[in-house]
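Okay, got some structures for you below.
Both complexes below contain subunit A, partnered by subunit B and then by subunit C.
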Partner chain A sequence: MNIHTTPQRTPAETALIDAFSDRLSLLPGDGTVMLKRDDAIEAIKSGLPTRRIESWHYTDLRRLLTTVPDFDPAAAAKAIAPVVEGSAVLPVLNGVSSTKLPEIEGIAVQRLSEKLTDGSAAPGLDPYGADDAIGALNTAFVADGYFVDIADGTELDKPVELQNLQAGGQTHVRLSVRVGVGAKAVIVERQAGEGAALVSSVSQLLLDEGAEATWLIVQEQPDTATHLAQFKAHLGKNAKLTLFVMNAGGKLVRQEVVVRTTGEGADFTLRGINLLAGDTHTDVTMVLDHAVPHTASTEVIRNVVTGRARGVFQGRINVHQYAQKTNAKMACNTLLLSDDGEFSTKPELEIFADDVVCGHGATVTEIDHSHLFYLMARGIDEKSARGLLVKAFVAEVIEELDDEAIVEALETRLDGWFAAHG
Partner chain B sequence: MPAVQDTIDRVRKIDVDQYKYGFQTEIAMDKAPKGLSEDIIRFISAKKDEPSWMLEWRLEAYRRWVTLDEPKWARVHYPKIDFQDLYYYAAPKSTPGPTSLSDVDPELLRVYEKLGIPLREQEILAGVQKTDASELEEPSDNVYKSGRVAVDAVFDSVSVVTTFKKELAQAGVIFCSISEAIREHPELVKKYLGSVVPTSDNFYATLNSAVFTDGSFVFVPKGVRCPMELSTYFRMNEKNTGQFERTLIIAEEGAYVSYLEGCTAPQRDENQLHAAVVELIALDDAEIKYSTVQNWYPGDAEGKGGIYNFVTKRGDCRGHRSKISWTQVETGSAITWKYPSCILRGDDSSGEFYSIAVSNGYQQVDSGTKMIHLGKNTSSRIISKGIAAGFSQNTYRGQVSAHRKATNARNFTNCDSLLIGDQCGAHTVPYMEAKNATAQFEHEATTSKISEDQKFYVMQRGIPEEEAIALIVNGFVKDVIQQLPMEFAVEAQKLIGISLEGSVG
Partner chain C sequence: MLEIKNLHARIVDDGTEIIRGLNLTVEAGEVAAIMGPNGSGKSTLSYILAGREDYEVTEGDILYNGQSILEMDPAERATSGIFLAFQYPMEIPGVATMEFLKVAMNEQRKARGEEPLKIPEFLKRVKDAAALLDMDMAMLKRPLNVGFSGGEKKRAEILQMKLLEPKLCVLDETDSGLDIDALKIVSEGVNALRAPDRAIVIITHYQRLLQYIVPDSVHVLYRGQVVKSGDKSLALDLEANGYAGVIGQAA
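After this line comes the complex of A and B, so read on.
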């Protein structure tokens, strides 16, 4: 229906606007940064996105975000062990970065609060589109995080783990990484905690010419937390990025992935698993721009839905007119295991160049009965057989990552989830 | 394949912006004043001799329409339409309800003849020149002979003639214009009109409910297999008119009907609005097959003029084991905004959507379907082929949803796009929503240009490039063409060839 309505502010919108006036004096930033914060809060004042905004069609944030907790100065998040043993850990506890930074050769780490204060972080604070609500929320409130610069030619032998840990209240964090020319790195972005927090987290990655990175997002918030996250990347010439997203928690989760290939020969791989349980809502939305010729991308997303969980995957591939010879493929497969669960998917192709090969596939189904029969005929009871099939369905995506330590670490996380929800 | 050769010959002969049906006919017209108001609606209703309930229905829709905004979500761009600058009623003067072809203005008949529309179907099929047109109405002993088509011809706002009426009546089938149905069969119209597309459905459907002027009405009673193909040809002729037709097709228990519509319009510099509503209702075990060959004037090579085709089409599989199938070949219109849908309400019902959308020049197509699974064991199939050339934009937008009670819902969707040239765009926006664990949905989409390998393979066998491309394009759309009734499959193949002229090669 297109009947005119005059929007009234929801309690959550009011709480955010009030929180901004309260926090304003505590937020770091020079004039440029503060002006960007003003613009961002103006965007929030005009209302959180509803299902009428196409990119928020399945996640009506205005309706779903019912409560916004106050900032909690007493919250004390505990540090946790990294996903891959031996990683260099850069923790952000309750939205505050650490003053004791590890010294690693070839890496320069800066606290983001410093870069906000001197204004050098300002250019990254711009939203990427008119409906960038997560970007606006984060820009308005972000107080800390890290800026990591991996020098040209550096090859890291251990992963760097960026931890964003909460213990209630609100945390707004930004994690920026540049991987220099020809450098190689594995970065783990860890999102966890134990409170009923509102978390906004924006990650920015810049891959210079020939850089190679594997970025793992491991999101394991408790089912009381609202987690609004964004991952933005620019891929330079011949740069290669493998992004792995694992969502295994959170009450209301939206993970946006915004990737742009800006140099010829860039190659982007996205692998994602969404493990959904309970009465939760999880949305993964990807916007991928092929902006130059000769770039490639493949995306595979696997979802498991149990309980009363609702899942969403939206993936849009834009192939610009100049981006001839693009090769883009996307698949989204969902196992819907309960009658109360729900999954919606919208894989989009927007193509303006003719010499391309693009495709997408999406399926939603339950466990294949013939597979189940095969296992049960071999004496495996139904519950275990189901468990095996579901695990195989998602583990397939993990096994594609060719680093053994990472595969093992992720399978441990997977087993943990199945033990708790299987 | 002779059809392919034929396509190529036609493509060669015709220039890019030579729209074959772009002529205009001077016919004395009866028009309502420009603009839209309650008075105009009263005027239309009075012109059509409608009962008071119909007028009330229209007025209610109008009052709602004034509160609505135009939808903006589709991927189409056009200047704002001034709804007060249109004629909402235009009818050829000489139509006090013709009963046979001989009562029809010969000028009008010539128009349809020019369009190659088989009003004189029998003569064409038999290849014999018959002089008495009214003979068409005579029932003959080969009533059930296949391959014949009954036609309802709609000229601007009114239906000018419906053929084979008597013969159909013998089988119990009612096929007439909607205005006639409102007068003659008010109980049926009252029961079904607006029950699939309610007056409050969307901006254009609401506008249509207020001002619709004509369209076809088909009622196939219980257990009857309609003895011939039914079809309607829409022709927009008058300047500055909008065409708002309303079609209602009801297939009772176990009935079957196949219906085809075709559309053309004169070539003009300004844009014209066409906002139709089509409602299909299939009861238990009934089947409705609805095919469209849409060839409204698409505008010239610079994108000037052409029809805005904003259409709401929806079928309701109300009964168990019912089936509705949509087949469309879209080659015309400056802008197409059209989503023929199926509501799969009855258990074991099924819906199908086969579509070919060809866009060239500056055409914009935003088309697709909705398959709404409500009943148990319902299935749907979507095959969509988009071909974009020139400066056109071609979007597939479709939704498949399974509601909580739709146990074992099954969908297969395949949408492929072919791009010819680097100035056009192809877009795919499918929505899949599953709320039932036993639902099984599959979707696949690809976009590519004609593969060099395929082209090389064909050319290597001595076929020139242009023919090779035509051959590959025809192969690309074959799955959909196969779903069309035979006569129209040939027509559709030719249309595709013509539409792509100027881009192939």
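After this line comes the complex of A and C, so read on.
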């Protein structure tokens, strides 16, 4: 006979469950939405994931999530200047979307709170798998965000920046975007703030046939914030997505990337840089499904680890049996600049098709001493020379984006990080 | 300008002594050629002058303008006016060549107490120097030395040397990998830098380069020592008779 025991709840688990009871009456949603919230909190009641769960092995959320702040109705975040000058900004401040929105031709924007209330947002609230703790946390508590619809054939000349800004407490936000048939867009997802916060943020992107999107996640939370984020995308026929993730802050960060190619000819590019400092933990976990034939993906992640920071990259590529002629390449390169820093890389390729090209590689290095000598031999002092080389290591990935305004804007963020942590 | 006294140096990793009691003096305005067979310590000497950490000086001293440079790191040596043109320049992905040139030039200026260059002035200097060396500006838009051919890398080294205006230039096998046309262009670039207040040390295996950059003195390095010094006729003698004769006398 088995004796089933539930381990004692952690303070964080208790705080989340109590917060749900307190918040319930304030959460928008029709019957379907509220039922999904119930399911989600049940998942949390059964315990946050631990290292025994494969996909959480390097980020033991149950152990690492030590405190959960209360909701703070007095928190007042303010919109900030966009990463790329001239972008249209859609701000979510302390978990609340704006009533005054910019008018942009070809774009329809709805507040997510309305779509929760009328139940039209319900289908998106389902978890994507059994261990979807971030999805569950977000579904339980999400109160607002945006739904952005970019009409078929629209080509945006300026980026749209979705700002999720916190000033402490808890915020749970969802950002959904559809890019219509043949439409082109650059979306910036800005994650920042200044409080001791718990943030959950789920982004959903649907690319219709022939749509092209560049999605930039710029995460610069303070080292007092826990940031649990998920980016989910479906790529239709001949759709093209370039996802760029920059993690440059946060105390405990998990950024999940869940991408599925559902149409032939779909093309996915992931470029990521993790700038890790202090006593922080940052995890980027990708699950990519090549579900149909003739689709391609490349992933390059570059990490700079300083201080006592710990980083994780898990890259899982599932090539379904039917998905012949898949072309997938993944690389994770880490520059380890401190003896106390740590980075774990776990590539997982599950290939059920027999006519595919799939590869992965990982490196961990220090600064190349011959490079350092070369720069110093031209009169550049050691500190500046190291700075140049570290920046070069990550800038290489940014420069691939091939759009001058975006490259410059991201390098400015990079310089900011180096100025604060160099 | 440069005075090397009884220099002994070894590889840090395995303790192998490469330089074994080397003496050499080069005056301001002088072009000195250092020749020698493979493994005589030529490249090691150039690295030690530039301050590479892989080598350790165990005895003797290197004086530059009367001051010992042994305690100076490579950057300090460079800003004091010492320049090494590398035999194998490093390819550094992600570092833009122009950005690198700007930073390096301004570090030199800072050390001399000058203001950073204004962008138009900087661009003009780079364009002028590139034109002299027959280099395409498009090349300089690439990351530092990345994808450059062997000859392009050597030209890029001389370009840097022109722009940084050093007082002591050390050229390590600058002729290797150059075809005859490139050799002429690079030599003209070096000759243009000859000046009464500047010394140039040319390290080479062959006499070929010295037809274009005529040295004032020639020194033969063997087993980490200068075993013979002379004028330019020594180089011709080596070309005709090989190193055996000179080395035989020394042994």
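Here is the rule we use: the second predicted complex is superposed on the first by the 416 of 422 C-alpha atoms of A that agree within 3 Å, B and C clash if a C-alpha of one lies under 4 Å from a C-alpha of the other, contacts with A are read in each partner's own complex, and residues count from 1 in each chain.
Rule of thumb we're sticking to: contacts are C-beta pairs under 8 Å (C-beta built on N, C-alpha and C of every residue); 3 or more make two chains touch, one makes a residue touch a chain.
Everything quoted here is computed from the prediction, not taken from an experiment.
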Superposed partners subunit B and subunit C on subunit A - clash or fit: fit
Which of subunit B and subunit C A:Leu336 touches, first, second, both or neither: first
Angle at the Cα centre of subunit A, taken between the Cα centres of subunit B and subunit C once the superposition is applied, in steps of 10 degrees: 80
First, second, both or neither for A:Thr345, with subunit B first and subunit C second: first
First, second, both or neither for A:His421, with subunit B first and subunit C second: neither
Contacts of A:Glu54 with subunit B and subunit C, given as first, second, both or neither: first
Which of subunit B and subunit C A:His369 touches, first, second, both or neither: second
If touched residues of subunit A are counted for subunit B and for subunit C, the larger one: B
Partner chain in contact with A:Gly359 - subunit B first, subunit C second, else both or neither: first
Distance in angstrom between the closest Cα atoms of subunit C and subunit B, superposition on A: 13
Subunit A positions touched by subunit B in one structure and by subunit C in the second: none
Residues of subunit B that touch subunit A when the two form their complex: 67-71, 73, 200, 202-203, 404, 417, 419-449
Residues of subunit C defined as touching subunit A within the complex: 50-53, 73-75, 77-79, 83-84, 86, 89-90, 92-95, 100, 103-104, 107-108, 111, 143, 160, 164
Contact set on subunit A toward subunit B in their complex: 1-4, 54, 57-58, 321, 324, 334, 336-339, 341-366
Interfacial residue positions of subunit A with respect to subunit C in the complex: 369-371, 373-382, 384-385, 388-389, 391-396, 399
